[in-house]
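Same chain, two partners: chain A is paired with chain B first, then with chain C.
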Partner chain A sequence: MNDYAIDDSVDITDVVCPVTFVKAKVAIDEMEDGQILSIRMNDGEPAQNVPRSIKDEGHRILRLKDNEDGTYSLIVQKRGD
Partner chain B sequence: MAFSDDQLERYSRHIILKEIGVRGQKRIGEGRVLIVGAGGLGAPAALYLAAAGVGVIGVADADAVELSNLQRQIIHSTPDVGKPKVQSAGEKMKAINPDVAVNEHHVFVNAGNVMELISGYDFVIDGTDNFSAKFLITDACVIAGKPFSYAGIIRFQGQLMTYVPGEGPCYRCVFVDPPPPDAVPTCSQAGVIGAMGGVIGSLQAMEAVKFITGAGKLLTGTMLTYDALAMKFQSVPLPKRPDCAVCGPSPSILHPFDYAARVCEGIAL
Partner chain C sequence: MGTDYASLKKGGFMRQKQRDNFSARLKVVGGNLTSEQLLAISSVAKKYGDGHVHLTSRQGVEIPFIKLGDIEAVKRELGEGGVSIGVCGPRVRTVTACQGADICPSGCIETHSLAEEISNRYFGRELPHKFKFGVTGCTNNCLKAEENDLGIKGGMTVELSPEDCIACGVCVKACGEGAISMADGGIKLDESKCNYCGRCVKACPNDACRGEPGYIVSFGGSFGNRIAKGETLTPPIRDRQTLFKIADAALDFFAAHASPGERLRPAIERAGWGVFKSSVEAALHE
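After this line comes the complex of A and B, so read on.
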């Protein structure tokens, strides 16, 4: 059971750094403060870097979920500007 | 406006920046900038603003490309010699970025057309090469309440300052009137090192992008000077002139006017 409800999701497995982060950033930008986004990303470089970059922007990382297919889902709560 | 995948990729290095981000890049896309003069200063400014994705860029210049321009006016190429500068510049800008709309104003800016010309834009870049044009652009922008970037380059020196209504001095506060003819450099004194336009014109593009996005602090109330031989930048704080004829509280200049043109004035700029 999750203690959050996902408002939107974005898949960044089709792009490479830095567009991974850019695509995630654009998806977050389109949401309201406090809403929750699920970001599907590849293992490796994206899973290492994207969560850190999103944290640097001040958003809240709720969870990094292993999808067990070589991808992860990062659950992020948008913070206000 | 939503970004396409290509646009996300094209502007990724902007969007990554906290100070620009998605919102800033959207503002850039909605921005409208007029560049007066497609020469040493206007060339790099036009290239960077097109690359940045400024929605509408106007370029005003009545001249054609000459061989002697190519040493510094990097938007023009050898096959462009003889072509109107606005056309040559427009082709390069659209090649860099098809998102950008370019307005080619193939005119000499004068008292009769300047107000209408600047009215369609949010920010003006003065890339002109003579004092009469600089005073004309200043007067028009102050009267219209239009922010603009002044710059001048000669030999190994360059300078620039940004005017925003209500903030700091205008060009006329600093220089008051055009210099007497004997103080103006003659043709033989008016060389300019090619990269100087690149340095100062790029800084003008920087100011335009900062104005559009609201990032950082603009160069208002301060003249930035660059001496390439000494390799020194200096920031010179400058006050508003209380009795400035155009931006002062009781201005005597209420409409733009033309000073008589002088031969060879600042010819390299």
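After this line comes the complex of A and C, so read on.
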């Protein structure tokens, strides 16, 4: 599978819903259009739901990577409106 | 003066423990009230009740401590505020609904317009016993569809479009049932595990998980003295027209087979689930 050139990353494993989404959103908002963000999140609820929330914000999901340590990294490309 | 309690009750005024006091049950469809309706309810509760209202477990509103002599005035003043009186007794009751696809991001079907349509069609219909409809927007089941005589739950029938798949893996994780897997050849759906929740459809970034919304219908739920979960007897129903055909069939069956005071479930059990299922299926294939 292709890897992506990550411009920035954010860790949301230290917060719980609904702050998970807010923290990820703030990180994306600070980026430029077209840049790629890696969001590290816990398995379970965040890995199931955060991708969809980011998609609903209009950004482009590239991949959800299993880090095999109980966390996942969501690779997202920022898309402005 | 002889008081006709049965007609008072039909009209939604329930006799209280306190003599000559009645609790007015209001008609609420799908749990929604406008701010104007709330003002009318508030003013009547203050003027004719004791200043409080009770929210029932089925999204209803009741105004207790209405005096017998005020019933006509209460009906009139509520009516002016766009509020009608509900029903009790052996008939189709308040139709309940969650917020559904209009408001909730998880919703697979529009619940409010459906609850309105059901209510317009059946509300108050006389039957051997009470009959409850409930509509919930997705398999999260916030409105607990299966506790109703006829429950409707939104769902999605999923179809994968492998040529659009970017193999991101989001759907595999989003699916709580383990129905989607990713092998070398791409994504695969095990339909036998799918519960129609639609999460993969909502999460897929590239429109490769496609969902067709539908109604998952359950029959014969009851959560009163007897507790039983409604049973689903057909695959998800695609359109409202078909949905109403099977709802008509269920109500006709109930009217024809139930003894007075008997709920849908025991009536089905006496006739046999097979017999009930055939009449639902007949309606489906009409």
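Convention: the second predicted complex is superposed on the first by the 78 of 81 C-alpha atoms of A that agree within 3 Å, B and C clash if a C-alpha of one lies under 4 Å from a C-alpha of the other, contacts with A are read in each partner's own complex, and residues count from 1 in each chain.
As a working rule, a residue touches a chain if its C-beta (ideal position, glycine included) is under 8 Å from a C-beta of that chain, and two chains touch if they have at least 3 such contacts.
All values derive from a computational prediction rather than experimental measurement.
Legend: residue contacts after superposition of the two complexes on their common chain; A:Val26 is shown touching chain B, with no touch to chain C. When the two complexes are overlaid on their common chain A, residue A:Glu57 makes contact with chain B while staying clear of chain C. Within the superposed three-chain model, A:Glu45 lies out of touch with both chain B and chain C [touch as defined at top]. In the superposed three-chain model, the partner touching more residues of chain A is C, compared with the other of chain B and chain C. In the superposed pair of complexes, A:Lys65 makes contact with chain C only, with no contact to chain B.
Contacts of chain A with chain B, set against its contacts with chain C after fitting on chain A, share not one residue.
Of all residues in chain B, only 3, 5, 8-9, 12-13, 15-16, 18, 21-23 touch chain A in the complex they form.
Per the touch definition, chain C reaches chain A in the complex via residues 105, 166-170, 173-174, 176, 199, 202-203, 205.
Remark: chain A residues 15, 18-19, 21-23, 25-26, 29, 57 touch chain B in the complex. Remark: chain A residues 1, 47-49, 51-52, 55-56, 60-66, 72, 74 touch chain C in the complex.
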